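Presented sequentially are two complexes of chain A, the first with chain B as partner and the second with chain C.
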Partner chain A sequence: MIRKRLIVLFLAPASLIYGGLFLVPTLSTFYFSLFSWSGFGEQMTFIGLDNYTRLFNDTVFWLSLRNTLAILFVGGFFVFGLAFLYTVLLTSGIWGKKFFRLVFFLPNVVSVVALAGMWAYIYNPRSGLLNTTLSAVGLTDVAKTLWTSPDNIFWAMLAALVWVFTGFFLILLMAGVDKIPTDAYEAADLEGASLWQKFWFITVPMLWDVMAISFVIWMINAIKMFEFPYAFGFLQVPQQLYTLGIYLYIMGFGQRDPIYQLGYATAIGVVMLVITFVLIVVVRRLLRREQLEF
Partner chain B sequence: MSDTVYQSPPPARRISRVPGWVRRLPAYFLVWMWTAFTLAAIAYVLLSAVKSKREVLRSGWNLPQEFIWSNFATAWNVGRLGDYFLNSVMVVGGSVFAILLVSTPAAYVLARAKFPGREAVTNLFVLGMGIPIPMLFIPIFGILSYLRMTDSLTGLSLVFIAISIPVTIYLLTGFFASLPSELESAAVLEGCNDFQVFWHVMLPMAMPGVLTALILNLIWLWNEYQLSLVILNSPDNRTLPLGLYSLQNAMQYTGDWPGMFAGVTIVIIPTIIAYALLSEKMIAGMTMGAVK
Partner chain C sequence: MSQSIPAFEARGVSKSYAQTAVLKSIDLTIERGEFVVLLGPSGCGKSTLMRCIAGLDDIGGGSFKIEGQDVTNAAPAARDVAMVFQSYALFPHMNVADNIGFGMRIARRPKAEIAERVLAAAKILKIEHLLNRKPKALSGGQRQRVAIGRAIVRNPKIFLFDEPLSNLDAALRSETRVEITRLHRRIGNTMIYVTHDQVEAMTMADRIVVMRAGVIEQVGAPLELYNNPRNLFVATFLGQPPTNIVSASVEQSSSDALVLRVGNAGRLTLPSINGALKAGEVIRIGIRPESFSIGSGAGIVPVTVDLVEQLGNETQIYCRLDDGQSLTLNIAGQINPPVGSSLDLQIAPEQIMVFGADDQNLRYSAKQ
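So, the complex of A and B:
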């Protein structure tokens, strides 16, 4: 029997830190978003919902929102498409599965800043890995592409992002596949099922719960996306790379020139939170179904 | 037992005459494409790190005429990577220790004690995993400036502890909940009080989970960069990711790509070595919470 005193004693430190430096700040964002506030230590003026109406008419905000949603949906499509493809391939009995899994997951343990630097150079127009390799194999026209020009930079960043996150969801899905009893596949093999049939009729239904949680993790990560696009943009992040998180940061702290529109920035934070929670509820509704017993 | 004599032969499998490894060739091809790209990208970074500024722009995949090892010294000194490495060790080491110190007992109580509101408290902790971190930039900076802890490694550590609590408690609560209760009851019969049960019985059993949470937090906080960017300001206080970020900016500004790659190499090599040694544990940790 665990006594009350111990319960309080064990819960208090974590609750205090988490409450004070996580929950209270989160809740206070709603409050701050109702003010015009031009810097820490400056006077705050109550302006009601004006920050939100301003957001509604702010083209940079819409651009950031569009980029964030493009990461979520377009990026998500490729991340999960590739993660599923490689889950099937890596669990099809090929030799060296563990080594491949190690390589796929590698970007997830390396500093995002280092990865961004590496990718900036991959895309370097003259001496980067991509164009050097393309011209080496004879695709000289393609090799002239400026991958980080304003038109292309967002998609170039997204491709790199897909490379990072595919490995993450691959290991989640693979761990889920490892839990599927092997006799299901053996029975399918005896019936002469193809790889595709085994995937569609065994793997997908059995992986449902892992998939649901993976989608939620991806949504949370996509909407708060900050680090990779920010580091990818170097000193002056171009607007083509703005996500909601980056725009919030720029509005709150600025880049070379400080901006300090703290109330406005927190309103962006509130939008991020609302989108996250609405999407989580929607996805959980859509993917809910009876528990599969096996 | 059925009589096998009259049984018809098993149906011939469609593709049984093709050996397994041939059928898997397309799989090998696709997997190697991805793997080769990743390895090539890293190799290209390492190769570029030992070239001269001029050569890096034109020699592509060719080996350098002369290996410029001094690029590493330049990056190390200009980027002050030694100082930043120490900062990172202090912040991450201290935070991870504190995270486990506060989260393990809390998770234990949430998983094994019975009290009203237990589920609500657990959910409140887990809720934090869904809160977008950038939302915290401004209020956290406000609180830290009130505490006079902006631009301080102590302040950053406090924030690191706070943001790691949700996922750590989530993982450990699941782990504690999965432990059998026989030993617990036996210990109570032996006359252990509730703290002794935790300390001598449950905690040792939970050690694999605690270790996993430790590794997970280590990787995550070692690479953490957004809150560090918000909280830290002076060059003395930079953590390794921030130091690398400013080094990259400086080197890109001066067009010193080899210097930049020498910096990247110095930062990623220890991580890759640690990963090669601990990858099973790391991957297990990443999947522990999501795949039950």
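So, the complex of A and C:
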């Protein structure tokens, strides 16, 4: 009994801080989203679902949502496609596995803002590394591409984003693959399985729990994506790079010029929360499998 | 003509990990349909040799042939061998039928054929009622059968078993041992079986290959090895309880006889080994626990009883020679000498092994 009380006592400070600084504000978001409120001062006008109606008719919101979903699905496709490809290659018994894993993971130890700045330099139309390299290898037509033009900037940012995140998920997947007993692969070798068959029939099913958690982590990251596209857009983020997170921030606090529409911003936050919850529930349900023992 | 081609041949096979040689110039020929057991202590290289035969590990030198074809550099699947792993290596996400039929599935065989052959293999192993279960819903013995089923269904040229019984409890182990032997009689394929358990080796093998430190010490039928070991290692490794190894000094070595002093008061007269030893030399002799009888007369060795274990059908007696060397005796039936009492042991001279300075059995007779 004393032991139980002690546990409660020790957990209390953390629970209070978590509840006070996270749970209460999260729940308040639903409440504030029903008001027209600058976020400062006492003046809050109850407007019911007007913020949501406005969102529905706001083209910038739809652009932000589209960009967020593009990061989630297109970015996710490439992040996991590459992470899986590298996992297969690096766990096929090649030399230097740890070295390559480190190289792929390195972007994750550097500040996102610094990485975004580096990529902005790489994409620089005149002096950037990408176009200079393309010219050097004779692809002069491609080298004329303005990577940061309104048409291209989102996809240029997404490519850089994939580069940043692939290493992180590669680490997760490789840790999962290392857990698979080698004799499962040896048994498959004796049966004549190809690299692809071993991946499809052994690695994927035996990696299922790691994959499921990786997908969820990616979804949460993608839906709340903020820092990288924001830093990539420098001081005045173009609308082509808006994600839900960026749009929320800008509506709440503005960029160079203040906007201060916190009621509207919280409505965006509520939409993000709902999307996150729905997607997590769907993905968890789709990926649910019985626990494997090996 | 094809009858004369052996199922398996290894010629001068060697392998090293870094600076350590784990297989040293292995030569081995296995005839078709033979059940050969690779036996030896941990680290002797038996599992490595099996993995090299399967193609899971590369060899440093030498060659392998399977049914006359050189497979030294062939991929595992191209060798037409099937392996039952110590851990069984079942795929936990597949049911029993999918585990057994995995090889045919990836070879894109028709579903009907897969189902038919899986069922046939399952019937042989009496696991047809388990086909829809996942491995985690199976007992250790059932998992083991599934692993064997996966091998049977391929009807390979050679079956490889890597200590397949070591994860089973004692009762199930002896039961499965008998079943594997029956299976071999029934399907008749060549089988190579790795174990460190000499009981498994003795009971299952047509021939045993005794290995130590990467070298084959002796190859032969179980009783041939038991009765006629080439050296001290083989003599002590086979037999439970192990052979008693006792120091003895040579009193006389002539063309007529070899007379040995054992302890202070024991004297044994053995058939001559043609003067290979000199009087005064101290050597080691090997006596199986069951080679003793209690009696009196010529050629007796006096001992003191330390401990008696009654096993019902036999009695195991731990005793000491008068110079402190210990002996274990297996006496048929039930006797109960008091602890501390003296016994006079009689030993049939032809059952005594004599080891020279290099641990070779001086009474070993090589079969031609």
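In this section, the second predicted complex is superposed on the first by the 288 of 294 C-alpha atoms of A that agree within 3 Å, B and C clash if a C-alpha of one lies under 4 Å from a C-alpha of the other, contacts with A are read in each partner's own complex, and residues count from 1 in each chain.
Just so it is clear, a residue touches a chain if its C-beta (ideal position, glycine included) is under 8 Å from a C-beta of that chain, and two chains touch if they have at least 3 such contacts.
Nothing here was measured: the structure is a model prediction, and the numbers come from that model.
Q: Which partner does A:S149 contact after superposing on A: first (chain B), second (chain C), both, neither?
A: Touch status of A:S149: no partner.
Q: In the superposed arrangement, does A:Y121 touch chain B (first), chain C (second), both or neither?
A: Touch status of A:Y121: first partner only.
Q: Determine, under the contact definition given at the top, whether A:K179 touches first (chain B), second (chain C), both, or neither.
A: In the superposed model, A:K179 contacts chain B only, not chain C.
Q: Figure out whether A:Q255 sits in contact with chain B (first) or chain C (second), or with both, or with neither.
A: neither
Q: Quick one: is A:G192 in contact with chain B, with chain C, with both, or with neither? Answer first, second, both or neither.
A: both
Q: Who touches more of chain A, chain B or chain C?
A: Partner with more touched residues of chain A: B.
Q: Based on the superposed arrangement, let me know which partner A:T132 touches: chain B (first), chain C (second), both, or neither?
A: It touches chain B, and chain C stays clear.
Q: Going by the contact rule set out at the top, does A:F10 touch chain B (first), chain C (second), both, or neither?
A: In the superposed model, A:F10 contacts chain B only, not chain C.
Q: Give me the intersection of chain A's contacts with chain B and its contacts with chain C, in residue numbers.
A: 192.
Q: Spell out the part of chain A that touches chain B in their complex, as residue ranges.
A: Those in contact with chain B are residues 1-4, 6-7, 9-11, 13-15, 17-18, 20-26, 28-29, 32, 40-41, 85-86, 89-90, 92-94, 100-114, 116-118, 120-122, 124, 126-127, 129, 132-133, 136, 163, 168, 171-172, 175-176, 179, 192, 209-210, 213-214, 217, 220, 223-224, 226-227, 230-231, 234-235, 244-245, 248-249, 252-253, 262, 265-266, 269-270, 272-273, 276-277, 280.
Q: Could you list, by residue number, the parts of chain B that touch chain A in their complex?
A: Those residues of chain B that touch chain A are 11, 13-14, 20, 24, 27-28, 30-31, 34-35, 38-42, 44-45, 48, 56-58, 60-61, 101-103, 105-106, 108-110, 112-115, 121, 124-125, 128-143, 145, 158-159, 161-163, 165-166, 169, 188, 194-195, 198, 219, 222-223, 225-226, 229-230, 240-241, 244-245, 248-249, 252-253, 257, 260-261, 263-264, 267-268, 271-272, 274-276, 279, 282-283, 286-287, 290-292.
Q: Mind listing the chain C positions that touch chain A in their complex?
A: Those in contact with chain A are residues 54-56, 75-78, 81-83, 85, 87, 89, 91-94, 102-103, 106-107, 134-136, 150, 154.
Q: In their shared complex, at which residues does chain A touch chain C?
A: Against chain C, the touching part of chain A is residues 181, 183-184, 186-194, 197, 201-202, 205-206, 208, 289-290, 292-294.
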